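Lettered A, B, C and D in written order, each chain numbered from 1.
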């Protein structure tokens, strides 16, 4: 019998794609989609290419949580925590796409976002990067889906971090416009982005502490410099990681081959990766390269920010949580 | 002594470009720029590439019209008429970028827009297509700057119309996103436009009566089918005009050569024109072609919608109104 | 037992996508991919996003046709006919992506292409537009896959043609760059296309007779004006069809609803269709609209030129030829 | 009396733009344009938007150097040196756009390019970055115009280098496709670039030694990591420089303000610079930012790679060489 899944906050880019992936999944049933704007409109009117003929409803938890096995919450940071709490109180398993449960330390959250709305729940959440926390995710009731930049950066750096090779890191990240969300703003206006590239998020971007927390958990206690840039394209994200190494002679290709040889959604390649290579997939494609002149390692990773960076990674997590094959509904 | 010029409504795309062209013009002086939003911000903050270091002010006609020789009004349709009236009452010469004074017949305006706010002034306005009404513009105090689509379409069709060759016309128009204005909307969101093309403005676009009025004045009393499409590019507009001819044997190349041989801003070419060819210029580039199988004439015209389609054509009109060389400040 | 299928000419855009669709199809087996350039390279090196880990071979018919059930031939016009003849001589069923077997009349082919290489085979070919010739395709051994523009145009116009409503047609078509193929030329250089749009194919495009042949077969004996334009996007094609009608009062919405209500791959909508809506699908999305002022019908149709315009339509045809469900492997 | 200037190699992007800037310059006269391909075609046919109605000729030095004051050489690396030698032998002053005279040390050139064709001339060349070598350029007969990446990077880093602040540098560079030149290749095909970004030039890019040579001359003897990326846009280049500083407390804003306050073509800003801000200008726009958490300086610089990165910087150099105002013909 299929598991019933709701997507709360399905009018935005990541929520809508989550709805599509659940709707097409052979073992999940899309029970409800809600939104705060656009109530009453059909998803296939807002997003014709997703072809999900389901109407957006106003949230009504008594009704929507009834008999619900799981929820994907695609609310903004800060707004998600309350809904997640209520869902957990009704025993609904949750994958939360926001940042609200990614940081273990409420004080760090407070420093980068605002006072945490539900600090007592932080310890229950598992960080939803399957390649790192696969076993914990299987038994988790609350999964904090990683940010798009942390997903790419952590997959790029994890083998180096685990091997104790990282002394220092600069991450220069580049993202398509869908990462800025559906809101129509001066920043997302076509004329602002077209034929342009510029850095953003200065002086410091909120994905920084998430990356540092997880690098530290892998053994690399470093302060990183992380600078994202906005690109004139829709979906896709590239992180270029410049790593000062602690040792000079490790075989990096072997290290990455061993780390990801069995991973269904990570490709280690020896050519320059492009974001087109992974568009509309749950894949992360990685190249590691040693700059012989400076001794630095340069690691590139590309993902689709809406897929592996959000919605399809949520699907991968749901598969793990419900004992389904990890690739089901994602290829 | 330079003529003092104000741009009212300079925060939008066409107003800001108008301000730049006036600011760089050797014989005009940019006296004031006003806006309804963004008051207090500098134009070179909103539009760095225009490099106009002038601050947007709130409209204060008593102050701003004092000693003013001319104004470019870049207000929305409907809102422009009142300001234009007040400026004319103070004897300021005006180039109005809105549609408010383009149609001679208030009833037609009412049918396509809304009740005309100042119908008594319609007869004073000269339609500001210099290649058509050059002499009248020289002596006009109120010039109604043409719409971008009418500019390209009329330049494409005028020689045929004047020769009595037009039986019927379909105009398939394609425009970049800047034509939709600076407002951040779902329609102008990068993700909506990128890798996309779609028709818009159905069931009927407001530029239709303007084109028909001017074709009729040239002798072609036709009802046209006009359909615009939105393109994934910033500036540029192509109209593809499909004309059923009244006669079969005219030498179209000779006709166009004669019509535009002396025009400084019209290029008649024998290759396929692209919008890149005229980007950031006041030029219109035209190709006429006879489809031998069907007997139709196909005429293509490209312009930059913000330049010849709006701001630089306003500059061309100002040059005429003040007895300046027509190309001054525009090349 | 799966049917074995080869793709001959798999290094180009449509051949490579065909190989991917066969490779992922549950009931077809990709037996061979050949190419004239790039022999020895793997398809997933040329096209990482297709993820087909198969090596391109040089054609060796004795070996490759042995035990082969079907072939997709993705050779250039003129070069395909000979290979198709040889395949048919070995009793391999063929879907040919070229224009070589689309026109019934060798003289017409000769006029638009060159002398036909195998005129005796023309009568055996079925025109592979499933929505039109579904039953014949089921029993065909040689299917001539339609051109991309004819696919969209014929789906747009068939209901009007069948109802005897077409007096005259102008087709203004717009295509992304992938339609120009993989060859690196001045025309496909990024800098030529970016921020540009221009007509091409003048004075007359080779898809014209294909469209006219099929319109005539539906009862509309007309000479059309067909003008394609090149767009700054990758995949996607929009045709805007301007139709002078023979009668004034037919209910066009009802006509299209009836024509396509049961079609799995045609969507009739009442909003403006965009090429993004059908990207990477076998769908054609259509809007019919009556211009009340002129009485014309305006019909828009969008497809993905590489999918419904070529490779996935080939897959749809193969499904029909082998008695598989028409949508299998295509959604 | 105007100075006569030839552009040798005017069929490529930078040569053609050089020809346009000379053609429009009030004090230079475009005497000749040559090319190795496209001889006999007019520049305004190849590049309509430049509007230079001059025909490309085959090189004939006896004729072309006669009475010539200066030449811009836009030949490929390696091929330029011989022509430059011959021009200098005829006493023609040269601005060379290639890399052939940028490196002082023939051995370094040999390591990154190939054996130097004219090592004896290296000592005569002045590195043509006016903001650095203005006085030497005034008296130079051979100016080696900098590469696009070095131009942006050196302007970004010079104030830090001069102040002894640079311990270590990573340069993550992003460029539009015009930087790859006019040759139609798989890399410049629209479909390869569109909706994509990827690193290129690995394992090491030839602009590296040029940057290191000039940083050393400013006092910063460092080995840099330099990685360029290809962007889906036409013209524009952004370098993001991550600098480990030698000292913690310098006022970076004051440092940059002092360095560039008088420079006509350098803008120091406090907002995020975008490549659109400088499109089709000779400007470099810079932002310096201190990452308070890591102590690093992050410096962004944007230029138009064809303008300040090549052709307009050549014009700036010519102005200096001929005692003209530095901005003449460039604004």
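Convention: a contact is a pair of C-beta atoms (placed from the backbone, for glycine too) under 8 Å apart; a residue touches a chain by one contact, two chains touch by 3 or more.
Computed from a predicted model, the values in this text were never measured in an experiment.
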Report which interface contains more C-beta contacts, comparing B-C against A-C.
B-C
Hey, which chain ends up farthest from chain B, C-alpha centres compared?
A
Which integer distance in Å separates the CA centroid of chain B from that of chain C?
40
Can you compute the centre-to-centre distance for chain A and chain C, using the mean CA position of each chain? Integer Å is fine.
38
Mind pulling the residue numbers of chain C that touch at least two other chains?
194-195, 232-234, 274, 276, 279
Quick one: which bits of chain D touch chain A in the complex? Just the residue numbers, please.
170, 172, 174, 176, 194-200, 202-204, 208, 223-225, 227, 229, 231-236, 238, 240, 242, 272-276, 279, 289, 291-294, 296, 298, 300, 302
Chain B residues touching chain A - in the complex, by the definition given at the top:
13, 177-178, 182, 184-186, 188-195, 232-234
List of chain A residues in touch with chain C within their complex
45, 48-49, 194-195, 271, 274, 276-281, 285
